[in-house]
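Next up, some structures in structure tokens.
Each of the next two complexes has chain A plus one more chain, namely chain B in the first and chain C in the second.
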Partner chain A sequence: MDVLFEYLLRLGDDRLVLGHRLSEWCGHGPVLEEDIALANVALDLIGQASRFLGLAGRVEGKGRDEDALAYFRDVIDYRNVKLVELPNGDFGRTIVRQFLFDAWSVLLLERLQQATHAELAGIAAKACKEARYHVRHSGEWVLRLGDGTEESHRRAQTALDELWPYTGEMLAADEVDRAAAGAVAPGVAALEPAWREVVSDVVRRATLTLPADGFMHSGGRQGRHTEHLGHLLDEMQILARSHPGATW
Partner chain B sequence: MAAAANEPDHASDQWPLWEVFTQAKDGAPHEHAGSVHAPDPELALQNARDVYARRGQVVSLWVVPSSAIIASSPGEQGPFFDPADDKPYRHPQFYRTPRGVRVY
Partner chain C sequence: MVSGASAGPDSVLEVLRGIPDPEVPALDIVELGIVRRVELTSDGAVTVEVTPTYSGCPAMSMIEQEIVAALRANGYDQVELRTVYSPAWTTDWLSDAARAKLKAYGIAPPGHTIAEQVLVPLISSVRHAACPYCGSANTERKSEFGSTACKAIHYCHHCRQPFEEFKAI
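What follows is the complex of A and B.
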């Protein structure tokens, strides 16, 4: 197994799947401005995915480009964390999920800018600028929903409680991560203290309650996904699979 | 009161309106780009960024509560803006350039 290839798939798949999920809001946002904002974040994430997967394909050296990796792999080959494949739910759930991911993504991309692989470091540097805006956007929304009306608070807290067991996967180190640590990129486990600090600060200011750590879902990095990813991929891949090589 | 006028209008279920001004480069004037709805200043800035600053070259953004804009009344167009065509001396073209003065 090529560690760098696996590692790049993780970076690409997290962003591709979350970007696709967010794109489902297009035309359905709570207000026009937020609809545009969510679509912008979705496009940023898909752009990042395109660059990470493009590099993954070149590292693999079997002639697969980013489109081949995005459209012609099945669920079991996807390496994203389960958090990003979960259905959007209401706006509060979408925002809480986004914040939990964004806060982690910024920290990871900041470290990846110092990666020994120059091209990976370059992609991370560009993505990091976008991620800083993403976390500002989702973080400000968590504050407003948590410290908003009784209903928005309830929905945000429910989302936080339900999504919390999916956060452990972002921070759990496995053999790929340990092999990548040092050689390619920083280990994810090292990100945990900073991530907790960012998340607990916003959660506290939003008058929400940080859930207790308990059972944490895992398996996404190994291709064992929730039942939701298959449906997402069906929709995302149908065009490319029905008309291989189609162009505009 | 401008602040009160910019409170959420629950009757229409709409967030307050903000006017957006973008600056294309340092030193250039901030120019009116359009407007956005937002519940507060920080989100007004973010919405303005997402709607008006994502594609074009922008180095600075202003958002101003629309209620803070003092506008002239359309009914006053005549007295306010009459071009005074009958007073040609108000237009610089009225003056002839004296000989010996370089025209730029």
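What follows is the complex of A and C.
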């Protein structure tokens, strides 16, 4: 197993799948500004995914480009965490999920700027700038919703409680993360303390309650996904698979 | 214009300065910092290094096509494009002249980038952009996301005009 290839797939797939999920809000946002915001974040994430998967394809050396990796792999070959493939739910749930991911992503990308692979470090440095305003956006909304009305508080808390068991997968370092921490960039395996600090601070200021740790879902990194990813890929891949090689 | 091909890399840059950014046409792609480097060999082959403003900038492929087309029209037939990601594009590269052009175009120019220590600051601590129409600082940021990835939406309470700001990044 090539650690760098496997690690790049994870970076790319997390962002591709979450970017696609966010794009589902386009035209359906609760207010125009948020419709635009979610579409903008989706665009950033899909752009980042394109960079990471493009590099993954070159590292693999079998002639697959970012489009081949995005459109012609099946569920079992996707390496994203389950958190990002879950359906959007209401705006509050989308935002809470986004914040949990953004807070982790920005910390990871900060460390990846130190990657020994120059191109990976460059892509991470660029993506990190975007992740900073992503987490500012989703974090500000967690504050507004949590410390807002009774209804928004209830929905945000419900989302936090339901999504919490999916956060373990981002933090649990497996053999690929540990190998990456040696070969790719220092400090990428153990992000949990920094992530908990950011999340618990915002959750507290939002007057929400941090759920207790219990059962944590796993398996996404190994290709064992929820039923939702297949449906997402069907929609995302159908054009490319119906018209292979088409360009416009 | 075969004469262009016989001149130095400055003449290549001159051609590229004629290409406006598709989303912010007040600026050309050189002053926006998208063009990072130009090489011209003695046999007239041109290499242009470009960097995207944002990872998902949808205008990038259009810009690349326009670079090749503009150079061809000026006698440079061998054009190679290279995309670089490091150093990452920053609005700090915009000159004072470029900032003035943005303002005249109705877009508040970016402030200087600052490394925020807090990932999620208090909402009320957001910096106020000066209104490009009346200059007032009595403005409010409505959203960090605007009509393109590079712009935020603000509202001026003084002249009661919504306006866009080129985000500092």
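Descriptive notes on the structure:
Rule of thumb we're sticking to: the second predicted complex is superposed on the first by the 244 of 248 C-alpha atoms of A that agree within 3 Å, B and C clash if a C-alpha of one lies under 4 Å from a C-alpha of the other, contacts with A are read in each partner's own complex, and residues count from 1 in each chain.
By our rule, a contact is a pair of C-beta atoms (placed from the backbone, for glycine too) under 8 Å apart; a residue touches a chain by one contact, two chains touch by 3 or more.
Because the structure is predicted, anything quoted here is derived from the model rather than measured.
Three-chain overlay on chain A, with chain B and chain C in a clash. Judged by the touch definition given at the top, the superposed model places A:E33 against both chain B and chain C. By the touch criterion defined above, A:A127 lies against chain C but remains apart from chain B after alignment on the C-alpha atoms of chain A. By the touch criterion defined above, A:R58 reaches neither chain B nor chain C. For chain A, the partner touching the most residues, choosing from chain B and chain C, is C.
Contacts of A:H153 after superposition: neither chain B nor chain C is touched. Contact with chain C, but none with chain B, is seen for A:A103 once the two complexes are overlaid on the shared chain.
Once the two complexes are laid over each other on the shared chain, residue contacts for A:G47 go to chain C alone; chain B is not touched. Shared-chain residue A:R136: touches chain B and chain C both.
Of the two partner chains placed by superposition, only chain C is touched by A:V202; chain B is not. In summary, superposing the two complexes on chain A brings one listed stretch of chain C into steric overlap with chain B, and the stretch in question is 153-161; the others among 9-17, 63-71, 81-89 or 153-161 show no clashing C-alpha atoms. Of the residues of chain A, those at positions 33-34, 36-37, 40, 133, 136-137, 140, 144 touch chain B in one of the two structures and chain C in the other.
Interface of chain A with chain B (complex): residues 31-34, 36-37, 40, 133, 136-137, 140, 144.
Residues of chain B that touch chain A in their complex: 15, 36-40, 42-43, 46-47, 49-51, 54.
Touching chain C in their complex are the following residues of chain A: 33-34, 36-37, 39-41, 43-48, 50-51, 103, 106, 118-119, 121-123, 125-127, 129-130, 132-133, 135-137, 139-140, 142-144, 198, 201-202. Note for the complex: chain C touches chain A at residues 52, 54-58, 84-90, 116, 119-121, 123, 142-147, 149, 153, 167, 169.
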